[in-house]
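Going in written order, the chains are labelled A, B, C, D, E and F, and every chain counts its residues from 1.
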């Protein structure tokens, strides 16, 4: 976390005018990639993630197949133009790690045992990055999986929280992410009350940490509702 | 079987989606969908959907052009865009798409690269053009070239601070542009020529010729792709088609609207699957 | 079968090697086993054995922190350390271990990176921390983080000659250190929480939460790993365990002894296989 | 294409003394690599390409085999010392593209369907590069395939044309390639009258483009004759 | 070999006080990696190599298996921190070559024909490099193979010799290696009197070369004894 | 079977192609076949055929030799040269060939690298030596080493313009050369020693020893390859053979003819397959 002299919360408002507990304007659209079995485009402010799902389909080469379960693969990728300085193509160590924990965030929501020898592929492209990209990606992936008709125990909601100028804030944008005291991305199955992704970077007391986790879980309800709305919109058309 | 049906229809100068042989699918152009990029565009041709982003970075010029900026064009076959695409570094087809897009821009001198020199032989602007197919339903070269052109036209120059730090919050003008090349790919099968093939049509084509043409009707690049042969007369006809269609498509980008319908488009029938 | 037995024992709050659920295996710390590195440490937790070496090189700072040194942390799953590890570049598990170790150091501001600037924007010290597991018997993150911390504490600065040559024969003081983060990984299975899992225990865990805590009881990094879920209450309990255990382990490195026994260790039974 | 003040055609002569329609001195030699089933060394002036052919041979790994046809593989590679600034080993994007279009230039000349489950490998090394390397390579490959006894519908001739100081020229050398208005490499089956490779870089009117294509096809007769002569020489020995 | 004005042998003593024919203090410990079937840690002065052995175990993928013999794989790797300037991870050309000749140095000591379709993996990590790393690695590998119970015709001893200030010296340390007139690493099966690795870098007369080889073979007895002692110690415990 | 026959013949001190055991195949040397390289050579030993090209580029010196040019030697097993060679990065055998060629040049101080320094610690000439086997019929190390030596002897220095641009059209003198090392590989099988093995002979050899010897009979490099053992007496004999043969081969390059026949060659019989 870098330091800045700039105040990032002034008179209770964040630099984009939000209150600490506010989530940025969300856009969620399902079924945006005709070739894919499921897809979704999700924005939180200027952070935009596009997800597509292919599968369950037979896994090749066959020696990778598991006879008692299907597998999930998850590829998180940042477009070269999604960030200020052009990102080099090809997976960075950061992208490899995020792909791993994101896959683990989605697996508990799926019934992979019902699809032995298959794979479900989730590809996520970050088109624009302005903070909280991995959780935005998880929302897109969750919708794309639902759109693909992959059976799910629950939708998976992604949302971040943090500490900024001593205040708990929800859904960090890029500049907040750079200068905040802490950043906690979380994935959550709201109706199951299950946390499936949890990371943290920063400097917090144990009690602050626990409080932020709870505040994020609380705020995730709004994201869940937006996901449901997006799915309804697609299927009511 | 579908292939046979496509060929059968072509014999009657008809296509699966009701288009004429020399008719593009509906083209939708979105300028600057990626606010954080210096320039960007999203182009849909029917169900083919591609995003191009432009980034500007500092770099060193090539030794043989010490006073000119550098163009770098990339394209990947994103596995998101088609069930047959795989993760991994670009293969020969993706490499060809990137290089054909690149040549259209480079040979037409779309960018005034000589205005991108900061310090001769030492420091120039690098212009990175990266194409991300979102949905592949054929004709990635034309869609990607068009998106690249629109993205370059929409590109704003970041400010260069005194310490050579790039300030992308203050933009000071547009990327200097010379020309407006449009690439038109003409496919051939059974003696028929058609433009803007869908994915299924591409499978039955014997060969394709991608031709980039500027607003002065100058041909700046050609690329034959696919192992079917062409005669010299075929080449003549394909060039003529490309010159004609390039004019139509160029109008789409010059009319200033953010989203445009191809004037060449004429929805003819309810069977249309790919054109709406 | 062994897995079932491990779970059965855990129901009775017992472990295969006789430890309590919140008990680490014996920890042995060797400072500077690699004389030729600028800093190094070897840490054993039971049969888990890992060596970390620190090298200092010159480099350029990141553009957004022009006056700070740069930390680079690497870890490979050396095929020497486990029959299932394979040669080749680091996979996702090794990458995760390296990045979690890295974040504990980075977020706690273990290193005073601002003191590693030689010439703003141009030249800084790069601190390379490389972890080599020698024997993997579980809990590589905690062992690797601890070894990294000890290695950094033991690191001596090479002398920089006037011509920017690094003279490693003359060392002029220690690497400037701020904080002493300890990472404690808490595993969960069947509603039970345990620390310092062996390789066999890791196989039965539903999920783990690795938490780095400084000497001020500040939480600086967390990483959930594994696809089992956690509740908010689980997280609370795991943080509490990590804060408590981090204090115990920190004593091991602050007491100055080159080799130390974990005070938390209590050999209880002859069945112990992993703790001696 | 770069600019130069230098005149590249003076009094109807090019910098190496050729008339616009002249092809450089060609050397073609067949059977130069004893281990290969077919091979050829071809020079156009200082541009030199060496080709070897192995196959048809069984394709491995077997899952790449096609049950109804043989495959052609073509590797175009520039030696590190073939150009002014040392080329880094390993395939560049340029070499990958040239390998693709060159393979497509040769496929129509072969009866690959007659050799299911096999592969024909063509390896071409550019030993010296002084313009028109890809077409020189195709001539070498064509001869190497014929030398290997791979059945062919026709020889494949490679030749380039372009526009220089407003004149149509044939067989561009390196310096001409750098400064010309346009460069058109072509592969052609002369007796079948089939164009199998066609690329173009530069700035031309449509009519100029068409004219250059025809002029190259016309000039390719000389290259074809040279290929036939080289094969005769080998088999008359 | 670089030049130095410094004398590296003064009054018959080398810079670390050794006589020309002395081997540095050796440490050899067997059984240091519990997971491995065999392992050993070997130091010659500050040069330290750690070796582990896995196998004979079935070789995958299966098409690499040989029906009439087992295979040996040998990976020599230098830790990033083993040398002054951080070594980049991943195999360098030097490491690839050393792995090859070291494998060939060990193969003659093994009865691989008795273990068809299997592989024996030897992984060696150089933890500290102060000259003579490849031969130190071979001693570690030899002990690790013996520790693993892989049947052996003989132990394999590694030792280097060279020429320094006109004198034959045994077991070159790093600084000596940098400035010596020649460096000859050797692997030897002492009771079989078989040289299985032999390399040389430097400038010597043929007679000097032959003499150094013999002197190294002679001195290797001490290394052999140390290996035997380390094994005895392990098995007498 | 052919292998058995080769061994049987060797028992009678005979070889398939009629050569004596210590006899090289006919050696043909072509100087500067690649006009565009700074230096080049093509060497045939019987059917083994290899081209080496030399390029000079600017680079930075190694930190420990700031006033010396840098040698970089590469070799690939070009798939063109043998049906068993595959495309892809160099494997261990190709890496060994490149490194053995490299050591012969480096250790003999063939190149006066100290004369290749342009600006101490900053800028020196890099000498790239790249070997391309064209046809592999055994003994690539000797053929590649000889071709490298001839190529280096034929190398002309490009002119360095004031702006550090390399002008390869004006050459100002030769690469400074000290020594002329010749590498001779001696193979051993069934107690017999032979030189210049063909591909088929290499398959039956137990081991080989490649020895580079200068014009002063100085041994500068040795490399044992292959897993058969040697005795100390074997090594003595192999060194003696190498010293003797190196003198004969050196004559080939010093006599100034562009193409030369090995004086050691004596065509004995009509059965000869590899020697003409």
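Just so we're on the same page, a residue touches a chain if its C-beta (ideal position, glycine included) is under 8 Å from a C-beta of that chain, and two chains touch if they have at least 3 such contacts.
Note that this is a predicted model, so its numbers are computed, not measured.
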{"item": "Where chain A and chain D overlap in contact partners, by chain label", "value": "B"}
{"item": "Far-end chain from chain B, centres as C-alpha averages", "value": "E"}
{"item": "Greatest separation from chain D - chain, by CA centre", "value": "C"}
{"item": "Computed distance of Cα centres, chain E from chain C, in Å", "value": "32"}
{"item": "Whole-Å gap separating chain B and chain D, where each centre is the average of the chain's CA atoms", "value": "28"}
{"item": "Distance from the mean Cα position of chain F to that of chain A, given in whole angstrom", "value": "58"}
{"item": "Chain C: positions in contact with at least two other chains", "value": "63"}
{"item": "For chain E, residues contacting two or more additional chains", "value": "85"}
{"item": "In the complex with chain D, residue positions of chain B that touch it", "value": "63-65, 90, 92-93, 95-96, 98-99, 103, 107-108, 209, 217-232, 234-236, 239-240, 243"}
{"item": "Sites on chain B touched by chain A in the complex", "value": "33-38, 40, 47, 49, 51, 53-55, 57, 74, 76, 78-83, 87, 89, 128, 130, 132, 134-137, 166, 168"}
{"item": "Interface residues, chain E side, partner chain C - complex", "value": "32-36, 39, 46, 48, 50-52, 54, 57, 75, 77, 79-86, 89-90, 121, 123, 125, 127-130"}
{"item": "Partner chain C, residues of chain A touching it in the complex", "value": "1-2, 85, 93-94, 96-97, 99-101, 103-105, 107-108, 178, 184, 189, 192-206, 209-210, 213-214, 217"}
